[in-house]
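Take a look at the structure set out below.
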Amino acid sequence: MTHHRSDDIAPGDILLAVENVSLAFGGVKAITEVSFDIRKGEIRAIIGPNGAGKTSMLNVINGFYNPNEGRITFAGRTRPRMKPYEAASQGIARTFQNVALFKGMSTLDNIMAGRTLKMRRNFFWQALRHGPALDEEIEHRKFCEEIIDFLEIEHIRKTPVGKLPYGLQKRVELGRALAMEPTLLLLDEPMAGMNLEEKEDMSRFVIDVNNHYGTTIALIEHDIGVVMDLSDRIVVLEYGRKIADGTPAEVKSDQKVIDAYLGVAH
Amino acid sequence: MFYRETGQYKTTYAADMAVFPILQDRIALGLMLLAVAVGVPLFAMLFPATGNYFLQVIMIPFLIFALAAIGLNILTGYTGLMSLGSGAFMGVGAFACYKLTTIFPDVPIVIWVVVSGVFSCLVGVLFGLPSLRIKGFYLAVATLAAQFFLQWCFVRIPWLFNYNASGAIEVPERTLFGLAVTGANATPLARYFVVLAVVAGMTWVASNLIHGRIGRSWMAVRDMDIAAQLMGIQLLPAKLLAFAVSSFYCGVAGAMMVFFWYATGAEPEVFSIRQSFFVLSMIIIGGLGSLVGSFFGAALIYIMPIVLGAIANWSGAPISAATIEHLRVMLTGALIIFFLIVEPHGLARLWQIAKQKLRIWPFPY
Amino acid sequence: MDILYKIFIDPFMQMGAAPDLLVQALWEGLVGGVLYALIALGFVLIFKASGVFNFAQGIMMVFAALTLVGLYEWMARHGVPAPAAIALVLTIGVMYVLAVSIEKFVLRPLVNQPDIILFMATFGLTFVLVGLGELIFGGEPKQMITEQLWLPKGSIDMKILGGLVSLQKIDIAAAVIASAMVAGLAVFFQSTRIGRALRAVADDHQAALSVGISLNQIWVIVWFTAGIVALATGIMWGARSDVSFALEIIALKALPVLILGGFTSIPGAIVGGLIIGVGEKLGEFYWGPLLGGGIESWLAYFIALAFLLFRPQGLFGEKIIERI
């Protein structure tokens, strides 16, 4: 897999910077003045208790919500407002907390849908489905088959995803995001509701994606053990504010984090 | 036992991506095309009385309705946008074709049939614009605006029907390769060939679109529009394209309906909301999001009253035509409810299940 | 310039020149609006309590009116005493049977299906009711019974603004009955045990089930109530024109009303109905001639669309925050 964009950013440099971002729905503040950055090539975790604003943060990053204040710089470009599909075309892909697959389509079609932005043939070639359009379709099919092999889901290639068990759906969703060849991959609770074995599988895939393809990953996860093992750096949110930021070891010994998770003795 | 893909290995992705990857399916499709393109015409030539009746009353309207159903299915079944205005879009095609062929009588009528689809397509895009802000049932009401407004235009703008005193379209005679294909002198066989060619070609194109990038983006919008956006699919272009293609298909179906089925003329009343409901019930029963389902639905909904009438005739019971019509409407409704309860994916899914059963026959599983 | 004058100036000049006509048009628009609102009310009731977008509401109205007239005619012909009253009672009974059958044969088997499936089921129900109604009562238009149901006839003519404004008594009765029904429903929803259960069901089916509310019973009650509303509306509409399935087209106009008011708001249905009724009447009266008339058939939809482009959630709906 090759990266078409943001190649000029060297591994270890800042890929995404979130500065003083605030987000409110009506009077309810979801995020208050949060700043952090994601470096190219790292696995960055965002953790926090329920309702801390983690998913809202991801939604802001990929343009689904626009922040009320603050700014976001991705791959050297600071953006004012942005639409989700623009985020996608700049190389941000994501998975969802409650699986958001295209339920009526097969696994293969779901993953192929992730290639939409890479496909160029116009309507009239598509209508004929011969020549260049077919060549293009085959070329992308090969790419998707690599992902299918990588995620070990060959046997469910043609199964409608609505019929798959939850763990496999999560895997297909990861495949769909990978098909976009993202620069930044956002994973919203990739291991929620999984048993130990499935969690191990998924952890392996996350590490492999990061190692093999050099994809930068930001993930939300509740299983602290998994987070500590996987991530390079961790941001901790509570009630929409950042309370800690650092390596797993630093975060683990941070008093505010311990208070947030275990409660404060009064 | 005979219908199974065991032993049919695919060595290329192209082979695996074929619309009919199984040999038996391809043979069946070939046989069916042979039957409708050669068998039916032969039959009509050998037995003109029955044959022409069969063509005029069953085959031609069935194919035209199937085309309209494919059009609506692209919008409602594949893209998930409920439309109650397909009848009006058929009307746009019919009126456009009529205007075009009366202004430029020398251009072959088949070209105008296709071009009239373009007009319908433009009108469809216009009425599809609200779909960016409006979703679900609300959008159904927007399409009702199209239905009633266009219907009003058909009646109130005399230029559209060339100021005919009857207020109806009167189909002039047009020839293709020296053979009359429209008007009172056109034989059912000539009209049937034109309809068959257009419907077969457009079905093939629809299948191509649906199996490629465009079809996937439509279904993505239908299944989960938020995720589709995050895949880089822009909602408005995808929805407008669905409106465009859908109304193109409906427009061509409408033009063919007047020029190749009624053959002499049609009143604006033909394109009323009842026609929209009729086509919608075809795709619900046939199967939302299925091309073959569009054909099944058109067959069942269109042919059912004919069969009912035939049974009434045959039994000799004193049942009036009106009663049969009422029974048909009731039965259509009951079938819709029945299918939604038993198999929400319609006849198309039953067909799949039947094929699956056939694959493992004679074993139960 | 001439066309701009005709669109933007002339109609208002006309309104100023003949205020009595304006009052007359406004009144007729308001009455039409009340009746649209009544149909919409039936939709809202069912949508609130079961999340079903009942496409068949308009047909239920026609079916109810047709049943009433059909039964009356049959009994009058056979010399049954007090046919109107008996027919009314029997029709209410028919609406109850209808509610029970819909619950048993349509809703119960389809519980937990996506909304669009339920919508299409009511679409099928429309066909069934049209077919059944025509099969039993025939397709030809019928005369609504009004005096027999103690509804007033004739009109009150008032001299105002230098002209005669004529108010049909039946229209006044319609407005009164509609207000009474809305008030009754509001009380029913807010302050009775069943009303509370209805609201609970509307919010969340499974949660309602888990606190011991019987969905089946609630659905029968709601569909029966909507049936009664449909009957009342059918009588009023029938008194203004004939009773036939052509009323179906009028019933569809309740949809733009719903769009304006939002699917879940009873006040919304009423305000939406009045806006559509008045807007449509004034549009037809003052701007219609410019376009050759008959614009009533689509104007309501365009008014609703115009509103919708600015407020996609309707006038009274809450702003939708999408979550993922």
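Per-chain residue numbering starts at 1, and chain names A, B and C are given in the order in which the chains are listed.
The rule is simple: a residue touches a chain if its C-beta (ideal position, glycine included) is under 8 Å from a C-beta of that chain, and two chains touch if they have at least 3 such contacts.
Remember, predicted model here, so these are calculated numbers, not experimental data.
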Most distant chain from chain C, judged by the mean position of its C-alpha atoms: A
Chain centroid nearest the full-protein CA centroid: B
Separation of mean Cα positions, chain C and chain B [Å, integer]: 33
Distance from chain B to chain A - Cα centre to Cα centre, in angstrom: 41
Gap in Å, rounded to a whole number, between the CA centres of chain C and chain A: 48
Residues of chain C whose C-beta touches two or more other chains: 322, 324
Sites on chain B at which at least two other chains make contact: 226-227
In chain A, residues with contacts to at least two other chains: 64, 96, 100
Of chain A, residues touching chain B in the complex: 62, 64, 83-85, 87-89, 93-94, 96, 100-105, 109, 112-117, 119, 121, 123, 126-129, 133-134, 137-138, 141-142, 145, 176, 180
Interfacial residue positions of chain C with respect to chain B in the complex: 53, 105-106, 109-110, 113, 115-117, 119-121, 123-132, 134-135, 139, 249, 252, 255-256, 258-259, 263, 291-295, 297-298, 301-302, 304-305, 308-309, 312, 322, 324
Partner chain A, residues of chain B touching it in the complex: 12-14, 17, 205, 208-209, 211-214, 216-217, 219-220, 222-224, 226-234, 241, 289
Touching residues on chain B, where the partner in the complex is chain C: 80, 82, 130, 133-138, 140-142, 144-145, 148-149, 151-152, 155-156, 226-227, 273, 277, 280-281, 284, 322-323, 325-337, 340-341, 344
